[in-house]
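For clarity, chains are labelled A, B and C in written order, and residue numbers in each chain start from 1.
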Amino acid sequence: MTSLLQVSHLTAGYGDFKAVFDVDVQIESGETIAIVGANGAGKSTLLRAIMGQVRIHAGSVFFRDKDLAAEPTSHRSHMGLAMVPEGRRLFPSLTVRENLQIGATAKRQGPWNIGKVVELFPLIDRLMNRSAAKLSGGEQQAIAIGRALMGNPELLLFDEVSLGLAPVVVKQLYAALPEITREGTTAVVVEQDIHQALAVSDRVYCLLEGRISLTGRSSEIGKSSITKAYFGEI
Amino acid sequence: MNWLNALVQGVLLGGLYAIFATGLSLAFGVMRFVNLAHGDFAILAGYLTLSTASALGLSHPLATLLVVPLMAGIGFAGQRLLFNRTIGPDPLAGILCSFGLGVVIQNLLLEKYSATDRFLDAGSIETDSFKLNDSIAIGYFPLLTFVSAVVLLGALQLFLSRTKMGRAFRATADDPKTAQLVGIDDKKIYGIAMAIAFGTVGIAGFFLGARETFAPSSGPSQLLFGFEAVVIGGLGSLWGTLIGGVVLGVAQTFGNQLSVGWNLLAGHIVFLLVLAFRPNGLLGTGVRT
Amino acid sequence: MTEVTLKRSSPASRIGSAAVTGMFVLVALYPFYGNDRTQVTLVEVLGYFSLAMMWNLLAGFAGLVSVGQQGFVGIAAYSLFALAELNPVDPFLSIPLAALITAAFSVPIALVVFRLRGGYFAIGTWVVAEVFRLLTLEIEALGAGNVQSLTAKNAFDGYGVELRKDLVFWMAWVLAVGSVVITVAVLRSRLGLALQAVRDNADGARGLGVNLSRVRLTIWVTAAAWVGATGALFHLNSATVTNRDAFSVASWTALVVFIVIIGGVGSAHGPFIGVGVYWIITEQLGKQSTLRFVVLGAVAALMAVIAPKGIAGMLRRWRQFEIFPIERRLVLKEEKE
């Protein structure tokens, strides 16, 4: 059986610049994967390469048996591959409700709709008619996750959810993750916060200067090995 | 000196400018694309109406009903084939491409139709009017133009705020990359936006051609008026284009009252004053680039 | 510690500069060995070359995409008329004076249009040009729109026909050479480095302390002066000033823009190529034809989209080079030359 996502020997970056080198990642349906690394290690670039937003210099990305290199970015959500982008990136000209509605542009079957998203993040309920431009970071993040869920994705990539948010808010957001995966979505979480990442994931990949420095089961990774893989040899 | 009449005529004239400005504003709002050939395409639409009418034996208004969707098709094709490649952080390509296109259109029209002034015939409605009072007469045609502008802008506003596609327009205008992430085909959106913009250009061409004579070189002045209406009203505001058109129209008619032939200059000067002292326009939301 | 030096020239630029200099020397001597008809054509070619270099500086390097150049030409043309015909100012001295007047006007113009960016800036410059055109129609002293002539009695008093012809030619030569000198000087200077930085990344450049407005204004005023001088020269040559032609978008902006796009906008040697193409097309299709505009316009419109760096860009993809010493290459001491 083919993996849900297979990244092979991927070298990618913005334009001529390369940010990830020869990266192999394999994700099976039902797992929760964490990708960790320091600032600039290439984590977001990897996610963006999977979503078709940066240039692939070498290697491939397969979603089930489909080669993503040939697909424009806008097809991915129709295929079942979604991302919660770094910085949330809600649409400021749209209300919160409209941001959620537009998440369902890819009309895919599944349990997620506005009602269920509000169940997951009750704080959204009173914000529905607000302009998306005037929200706190935590509110935006919840809505951004909700927007991505509206497309009922099979694979959902989370790009730096904790960035710029208070720890207690981050905890609340991650508390929602089990519910998301229980409903059948496979999650890939990109995080700078190692503890958070290991706590929510089954397996972890660590990136250092664009290359995979470590991979393994989250429960089995030792503190010293992940620290070395994260920061590199001093 | 009949200032009140000038005011009324100026407001109605503003309707025409608002129709021109709408297409310009839409293309810029969704795609950050400034079509320097906007006016030339309107004149092209006028000539297409002339040719279609004589080829099919139709009246000009009926021919326009055919030309408008034709223009929309041209806009859609133009966007998909040519203009989509100009989208990006550097506006240079779009400006230069549309500028070149405008010159090409003007000269091709000159080749085919010669420089003789032409006009569109909308029937007796063009000259009929009713009297508001002793000094003010309101022409049915200018009134129709103004009402059309309001209807057009209203329809566009409804489209943007109430429909799924309109929502996709707004999202794409905000953030094309994230719009792609949620599954919006931005290339298709741009095509449709341009189709709508060109449709308004077709309508504008009709109202212009019926109101005054036109020639292959008439395009650029319409471009300038449309642009001035957008800036006076304020970028980013759809109703702003109506206000801007009206202010421009009134400035022109007032200028004419001061001295015949000063209408254009008065309009331009009001525009420059607004630009100097209220660069965001009268209703602008501050999006200047 | 490795030593780092800044190399400004390369073998290509040395050859290129020598070739261009040689070419200009040959052209300067043309009145002595050439025929009259071609000399007249050369005046036009040199003039358009000068206009093209300036527009390239504005649009390709300073990011100021103006389609209102005709405004500067018109202002200069009427200034020339006022100076040389209405007043006893030497016609050839009037040209730099007209340039100064144009430069003076360009400052308040900048204050207004610089509030706009991109396509709206472009249209703004067009509006301003229109305003000046309409204003000149109102001024009685300038003929209020009627055709004005530079007569042998007033303007050209003291100049025989032959002398006039040759002086006009050499003036065109000076303007053309000057435009190259200005462009190379700007690009070699700190101002040029600032422009490159701004072109690559405006926000980053601002963060580094580059005074964007001052950089842009300097280029704008310089270009206005030079375009004014060139426009004045053209009108001195034709000895006629008409409102429509002096402020014509087609003559003073469209052709210039097409020349630069086809040659390669943002490349110092692009205008050479562009003017060459213009010359050939004009010889083939004639000056009055609409076909000239259709061909040049269509090619330019397509190139803007498909080959935005023009012919120069296509050449550069084949082999990286500059024909002028405007590069800045850091060379480590170990590097062999």
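Definition applied: a contact is a pair of C-beta atoms (placed from the backbone, for glycine too) under 8 Å apart; a residue touches a chain by one contact, two chains touch by 3 or more.
Please read these numbers as outputs of a predicted model, since none were measured by experiment.
When every chain is reduced to the mean of its C-alpha atoms, the one closest to the centre of the whole protein set is B.
When every chain is reduced to the mean of its CA atoms, the largest separation from chain C belongs to A. We define each chain's centre as the mean of its Cα atoms; on that basis chain B and chain C are separated by 32 Å.
Note on chain placement: the centre of chain A and the centre of chain C lie 52 Å apart, centres being C-alpha means. Chain centres here are Cα means. That of chain A falls 43 Å from that of chain B. On chain B, the positions that touch chain A within their shared complex are 164, 167-168, 170-171, 173-175, 177-187. In the complex of the two chains, the chain C residues touching chain B come out as 59, 65, 67, 111-113, 115-120, 122-124, 126-128, 130-131, 134-135, 137-138, 249-250, 254, 257-258, 261, 265, 290-291, 293-294, 297-298, 300-302, 304-306, 308.
Chain B meets chain C in the complex at residues 28, 32-34, 36, 82-83, 85-86, 91-101, 103-104, 106-108, 110-111, 220-221, 223-224, 227-228, 231, 235, 261, 264-265, 268-269, 271-272, 275-276, 279, 288-289.
Residues of chain A that touch chain B in their complex: 51, 53, 72-78, 82-83, 85, 89, 91-94, 98, 101-103, 105-106, 147-148, 151.
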